[in-house]
Amino acid sequence: MAYNLLKGKKGIIFGALNEQSIAWQTALKAHEEGAQLVLTNTAVAMRLGTIAELGKICNAEIIPADATSSEDIENLLKKSMEIFGGKVDFVLHSIGMSPNVRKGLPYDALNYDYFHKTLDISALSFHKILLSARKLDAIKEWGSVVALSYVAAQRTLDKYNDMGDAKALLESIARSFGYIYGKDKKIRVNTISQSPTMTTAGAGVKGIDSLIDFTERMSPLGNASAEDCANYIVTLFSDLTKKVTMQNLYHDGGFSSMGMSERAMRQYDKSFNDCD
Amino acid sequence: MAYNLLKGKKGIIFGALNEQSIAWQTALKAHEEGAQLVLTNTAVAMRLGTIAELGKICNAEIIPADATSSEDIENLLKKSMEIFGGKVDFVLHSIGMSPNVRKGLPYDALNYDYFHKTLDISALSFHKILLSARKLDAIKEWGSVVALSYVAAQRTLDKYNDMGDAKALLESIARSFGYIYGKDKKIRVNTISQSPTMTTAGAGVKGIDSLIDFTERMSPLGNASAEDCANYIVTLFSDLTKKVTMQNLYHDGGFSSMGMSERAMRQYDKSFNDCD
Amino acid sequence: MAYNLLKGKKGIIFGALNEQSIAWQTALKAHEEGAQLVLTNTAVAMRLGTIAELGKICNAEIIPADATSSEDIENLLKKSMEIFGGKVDFVLHSIGMSPNVRKGLPYDALNYDYFHKTLDISALSFHKILLSARKLDAIKEWGSVVALSYVAAQRTLDKYNDMGDAKALLESIARSFGYIYGKDKKIRVNTISQSPTMTTAGAGVKGIDSLIDFTERMSPLGNASAEDCANYIVTLFSDLTKKVTMQNLYHDGGFSSMGMSERAMRQYDKSFNDCD
Amino acid sequence: MAYNLLKGKKGIIFGALNEQSIAWQTALKAHEEGAQLVLTNTAVAMRLGTIAELGKICNAEIIPADATSSEDIENLLKKSMEIFGGKVDFVLHSIGMSPNVRKGLPYDALNYDYFHKTLDISALSFHKILLSARKLDAIKEWGSVVALSYVAAQRTLDKYNDMGDAKALLESIARSFGYIYGKDKKIRVNTISQSPTMTTAGAGVKGIDSLIDFTERMSPLGNASAEDCANYIVTLFSDLTKKVTMQNLYHDGGFSSMGMSERAMRQYDKSFNDCD
């Protein structure tokens, strides 16, 4: 069911790899809600994934860009404004990667060049997008910018490694730039702290199956899916949430406010059963 | 502009006194978005305010109820279900009052019967509504319940007195019941922490003008108005936010994430000007 | 090992029942650190427990008081000042009880008179102590007041019932009164959010064994014991923490900042083992 | 007054420049409390400041080290262990610098090489110290590591620029490493979020005078000084706080829990006086 919530709005979506991607689902949903889109990802991700297919469904142009390159971002923004015939209403940042995680370097033996790269890709890229947008005056007044985060920014998860730190930095950048961009242009900047999601990126985290089982049982409404998240993001892009800014919004079926649920405790208790 | 976001949905709205009320604005907006409503307030508030007028505009029945009375609430829920011909989709709780504030008793000399009354009216009433709804199975699966809160739940404000404590309790009840109602019926329960608003209730707080000026200058997007809040609430009642629960959501133009803004600091600095 | 951290200081300790009590351990430790003490509990708790023994060890007088009775509290404070020959330096509030939990009434079918009683005993009692102390000017400038809380104030725990709400209210009262008492008398007011502890009160919570096992595995330093907590409280009573106020301080081996630990996940995973 | 709280303990203190430094005051206090110290700073800071004097007072050796250089840190740790004849009990990290702030580049026009440098100096240096310590097994079991932070990690302050982000990252690193180091070696890692302090670093922040006036009036106990902070740090290095880890501890006279104080509001109101 569609409401035309984004009718006439124009947006850029970073990070759609394939159908599992939250960015992919958001593009579908934003398109359904009447938005005109530009999609973007790195050249590598575009080869690995199936973004061309999404472009067709959404009738959206695809412009490759490395979100760590200010030059690429400026090019993307300029071309998008040409395509749109004007400024952008909303932006989704769904980007994160840790070379330390990829290479299996544990947190107490990580490589610092990689650490900087993790921060650059997963957090500073958000700053670069906002800075370039501001420089080019690319976002309309009362526009909306969202980045995807995770509860690891507040609570340490085994093996999540330097990605937890990157998410903390990302959320801080959202606040810091939200202040600047808000006072001058009334543009709001928020992060969504989403349930662990079985995206291609998520699937790369060791032990994610067990974690997803645990959070599913802990969360009274269960984990939020990529589709659920897309729905939520659309409300944040709409004109109905104009005064929400500098927030980290948990979208997780209640997980973040749970200490212990009956279901999780019951499952945990089974672990003590003897198998004779 | 309307989107039919609440088309076919039925809701109960507590606490509309007059046009300034957030509950009033929410009723208007929910009506525009296609919802069928029942309005309620205490008999006294109904006499003091102009809720009958709102009922006409929204084509909504008005059922008086004292939200501290489980009997009244049950009556309200039963009648609402009769009117709706079925269960309720959403509920707004916008109720708060402190006899200690009214009588001008300061926090370090308050009356404990009044303190219990503050808690009963402003926080336990929310529990009573949820308990009665659950007992009568009055809310549909994936329904949405929202209560209005304030940042005083986290940060002490001079003269806000026992209302800060009441809001902290209210937010806790939202979490506690959100767990129960979520795991069994998938019903979500959230609070919105709204900017200080010049409602009739707000106007009763001493020094609210100065505070509103300060928060206006601190918040990059300025204070959120009652109309803004109504828009936001509608997104939380919609089907697009199904996995958001047990959250306290700041709707305040960024205030809650600000340490110090340029505008507020500049104004503050003027206080040191000598007047010769 | 003792440091004379509280040498010459005088303090009142509420809530010591028996050796398991955090209040008991705090009394022992404060005594070791050179403080002179008055112990107090309700008449019933004094019969059930062994506080007389503690009085002997600590060379402390015991004055019965019901912490929900302003009259009892005033009597206690006056007598304490007589005994001390002057004002009090520190106070520990370690009091909590829920008739709803005791009677086995679940959160969605609780009794509201009991709910008010839970709040009165577990939270408003703290306000009453502070109000009476202020009225009698019973606490020295730069004195320190501590109440014991639990993470249930922020995150819902199955079966913890209205005690979670009571703890949220308690923490709010600590902030609210901390403002008042701080600005006028430089007295600091804080809460400690302690690991689940196998006290007599804790043992009454259903399923506490499993919970304690889980938090032990989640917390990198393991759960904090009553003795650990006593040590921490002593630092908050000392002159070394004069500028810490209105805080809720987690004393839990790291639990509150954990999303998932290796140990807890490994144990959880065992629950899926088939027993053939 | 001294308590021998750190008797027999050995510690390394990073970041003492001159008497204004929190690190300087901490060294003095830790020395008074019986600790043996090694002091360290960059070669540049050693020339600019007067650390040699502090070394004499505390009878401490001074080993220059650039905290962004793993090599320097390892050298420092090895030499310290030689001097101490064994492992270290505690470490203080009091390091922060932003080239963007220094060069006056605003947040929406900052230089990304500088941004990485800000993060490297102010946050990753903490990770490097912990990683090297762990590699060399340089910290004793139940040791304590503290880094200094600021509320800008949670709330945006005008002109604080990328230092707010750096502090958010620093606090996240404390949590992340606190998990690792805690589970294996029982070493605790915390940050202290200190009042704005008129250190040499603080004095470099534009408009800090006004901010300090505001926070002084907002905080019921007034701002915490460098000496106050030193006292608090000593409690965290002591054996009395063994189960506190992965926490960010506000040491700010109550500021972080304040929404609005009477004193600040009164001063703010003066800004509206007409000067005719």
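Note that the chains take the letters A, B, C and D in the order they are written out, and that residue 1 is the start of every chain.
Here is the rule we use: contacts are C-beta pairs under 8 Å (C-beta built on N, C-alpha and C of every residue); 3 or more make two chains touch, one makes a residue touch a chain.
All of these numbers come straight from a predicted model, not from anything done at the bench.
Trainee: So which chain is farthest from chain D, going by the mean of the CA atoms in each chain?
Mentor: Centroid comparison gives B as the farthest chain from chain D.
Trainee: If you tally contacting C-beta pairs, which comes out ahead, A-D or C-D? Let me know.
Mentor: C-D
Trainee: Using mean CA coordinates as chain centres, what's the chain B-chain D distance in Å?
Mentor: Result: the chain centres lie 41 Å from each other.
Trainee: How big is the gap, in whole Å, between where the Cα atoms of chain A centre and where those of chain D centre?
Mentor: 32
Trainee: Starting from the mean Cα coordinates of chain C and chain D, work out the distance between those two points in Å.
Mentor: Centre-to-centre distance between chain C and chain D: 30 Å.
Trainee: Would you mind listing the residues of chain D that make contact with two or more other chains?
Mentor: 155-156, 158, 175, 178-181, 246, 257-258, 261-262
Trainee: Report the topology of the inter-chain touch graph, choosing from line, ring, star, complete and other.
Mentor: Graph shape here is complete: every pair of chains touches.
Trainee: Which of the residues in chain A come into contact with chain D in the complex?
Mentor: Chain A reaches chain D through residues 70, 107-110, 112, 115-116, 119-120, 124, 127-128, 130-131, 134-135, 153, 155-156, 158, 161-162, 164-165, 168-169, 171-173, 175-181, 246.
Trainee: What residues on chain C touch chain D, complex-wise?
Mentor: 1, 3-5, 175, 178-183, 186, 188, 195, 219-222, 224, 228-229, 231-232, 234-235, 238-247, 249-254, 256-258, 261-263
Trainee: Applying the document's contact rule, which stretches of chain A touch chain C when the two form their complex?
Mentor: The contact residues of chain A facing chain C are 151-152, 154-160, 207, 210-211, 214, 257-262, 265, 267-276.
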